[in-house]
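Following: one structure in C-alpha cells, then a few remarks.
To keep things simple, chains are lettered A, B, C, D and E as they appear, and every chain counts its residues starting from 1.
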Amino acid sequence: AAPAAGDFVAASGFAPNRWVKLNVGGQIYATTIDTLVGREPDSMLARMFLQNGSMKPSERDEQGAYLIDRSPRYFEPIINYLRHGQFVCDSNISVLGVLEEARFFGIFSLVTHLEERLGQQETPLGDRPLT
Amino acid sequence: AAPAAGDFVAASGFAPNRWVKLNVGGQIYATTIDTLVGREPDSMLARMFLQNGSMKPSERDEQGAYLIDRSPRYFEPIINYLRHGQFVCDSNISVLGVLEEARFFGIFSLVTHLEERLGQQETPLGDRPLT
Amino acid sequence: AAPAAGDFVAASGFAPNRWVKLNVGGQIYATTIDTLVGREPDSMLARMFLQNGSMKPSERDEQGAYLIDRSPRYFEPIINYLRHGQFVCDSNISVLGVLEEARFFGIFSLVTHLEERLGQQETPLGDRPLT
Amino acid sequence: AAPAAGDFVAASGFAPNRWVKLNVGGQIYATTIDTLVGREPDSMLARMFLQNGSMKPSERDEQGAYLIDRSPRYFEPIINYLRHGQFVCDSNISVLGVLEEARFFGIFSLVTHLEERLGQQETPLGDRPLT
Amino acid sequence: AAPAAGDFVAASGFAPNRWVKLNVGGQIYATTIDTLVGREPDSMLARMFLQNGSMKPSERDEQGAYLIDRSPRYFEPIINYLRHGQFVCDSNISVLGVLEEARFFGIFSLVTHLEERLGQQETPLGDRPLT
C-alpha cells in the first residue's frame, strides 16, 4: 500500500490528539491513530481504527489500552515502521519474529521486504521455522 | 499435540473476551485463554485453563494475574509459540533456557524441536547443563 | 549547533527544578528542560520547551508526561547525547534507527555524525533502508 | 548443597501459597519461599526465609517486597537456578556478574560451577576483575 | 579512593534501614545510603547523601525517588560497582557510555580502570567520541 493522506500527519509525531494506548501481550505502547491508519490503510490495525473501519477494535484493559494477544518484542519494529516507513531492528533481533508479526497485522510492504531479506541470507539456526 | 479447534480462535489474536494476565516471576503477560489452551491441549497451561481442566489454576496476585514461579525471559518464546506455532528467539537468548521452560510447561512439540537444535550444534559454553 | 548557555546547567545534572517527563511511545523518560533546550537550541524539543519557543508542547498523558509518538529504544541515545554531548550506543543497537530519530528531532550535529558512521562502514543487512 | 525436601514442591512451580516478592535493586521478582529455601538450604536467602532461619528478613518496600541492594540483571540467573537447578544465561550476559551474586547469596554449588567456567575460557576483557 | 568504613555495611546488602530510591532518567533504582556513600566518599553521590555532605540532594519525584538526569542504562554498572567493587558489564554494553557516567558521578577509581580498558583495545566504531 502506498503512503496515504494520513501519512503527513503521522510523520509530524506531535499530532494534537487521537492518542491511543495498545496493550501488546502485556506491554503498553503509546501511539496515535494517524500512525496506525496512515501508512498501511489495508492493515488490520488500520481497519480497526479507521473511522468507518471494517473491524471492531479489540477489548480494552483496565487502563483503556486496546488488548492485542501478540509479542511486544517483535511489535516494536512494526510500530516503528508505521511511524516512519523504515524497517530498523537491532542486530540480535529475530527477523523471522518480526515477519510473523508483519503477516499477522497485514502489513504487506514489510512482509515482502522481510521475506527478501530472509531469502538473501543463510537462515541462521535460530531463525528456522519449526515445521 | 496437533493444533486443536481452539487454534483458529487463538490465531485471530483479537478474540472478544477471555483475556487473562499471567504474572511470570514478577513480569505481567497479557494473553487469551484460547492461546493457552488451543495449540497444546495437553500442556500444563491448557490443563489449568480448560473449562474442565485437570489442574486448578495457580494463585493470583493483587491485580488478578495468575502467579507462575518461572523465568519471564524464557517464557516469552513459549507464549509466542502458543500464539502462532513458530519458535522464534533472538540470537543472544539461551535456547537451553527456553527448553527448560518448554519441559516445565509440558509443550512437547517444542521440546522435541529444541532438543534437536541443541543436538545439531556444538553446545556453547553458556548453554551447558550444570550437572 | 554549538553548545549554548543552558549547556552548563544541563551538565550539572542536578538542576534544582524544571523537571519534565516524556512519554516516548509508551516509555517514560525523566529529564530537565535544560537538557532538552541547552545543547541543540534549534531542535524540535528545544523549540517545544523554550520559554518563547516556536512550537507548542505536545499533549500530556494522565501522569503529565509529554506524549511523543516515536521509538523509545532509539530515543535513548538521543536523550543521552543531549545530556552530555557524546554519542554512545550498545553494539547491538541499529545506528540507522538512531539516525531516523536524530532526523525527526532535528538534532543536526548528530545526524551528520551518524551519516558519516554509516557511510564509513559496510551497511549491515539489518540496517539497509527499505526503499 | 544437595537438593532438600522443599525441592519437590519448588519444582512444581504452582505451589498454592507462600508467594513472596523481592525488590532487587528496584526490580520486582515474584517467587515462592519453596524456591528460595529448597535447593540451597545454607544460602543467605534460605536462612532469611526458613521458618526458624538464622537471619532476619530484610526490610520491605511500600508494596511489601523484600528489599535487596543488589543487581537485578545478575540476580535473574540466580533465581532461575534456584527454580530448576540449571544455570542458564544469555550469550551477552557477564558470567563474572552472575558469579559475584552467587557468592553474595552464598549459593556455593553455583559458585563452583561458574568459577570452573571462567577458568576454562580466556577471560574476556569485559569480565576482568578490577583489582 | 580506598574502601571506607561504610563499606562493610554496604557489602552486607541487607542493612536494616537507610533505603533510598533514585529516579535515573525515568527508571527507579533501589539502594542504600551505605552503598552510595561507602566505597567512594568523594563521589558526587556520596557528597549528596553523607550526613554533612557538601551537596544538597537533588529534587524528588512524586514517589520520593531522587531525580538524576542521566542514562539509566549506563548507571547500572556504576551502582553495581558501588555495591561490590567490581566492574561488570555485558558484552554488548558500550564501555564509553559507562565511562561517561563514571566521570559525571566522580567515581575516579572506575574512571581510571575504564580509560585503561578503552586504551588497550582498538576503539570500536560505536564507541568513538563524537568530537
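Just so we're on the same page, a contact is a pair of C-beta atoms (placed from the backbone, for glycine too) under 8 Å apart; a residue touches a chain by one contact, two chains touch by 3 or more.
Because the structure is predicted, anything quoted here is derived from the model rather than measured.
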Number of hops, chain D to chain E, where each hop joins two touching chains: 1
Rotational angle, Cα trace of chain B fitted to chain C, multiple of 5°: 145
Whole-Å separation of chain centres (CA-atom averages), chain C against chain E: 23
Interchain centroid distance [CA atoms averaged], chain B/chain E, Å: 37
Where chain C touches two or more other chains at once, by residue number: 91-93
Chain order around the ring, beginning at chain C and proceeding next to chain E: C, E, D, B, A
Residues of chain B touching chain D in the complex: 23, 25-26, 48, 55, 58-59, 61, 67-71, 73-74, 91-94, 96-97, 100, 104, 124-127, 129-131
Complex contact set, residues of chain A against chain C: 10, 13-17, 19, 21, 27-32, 35, 76, 79-81, 83-93, 95, 109-110, 113, 117, 120-121
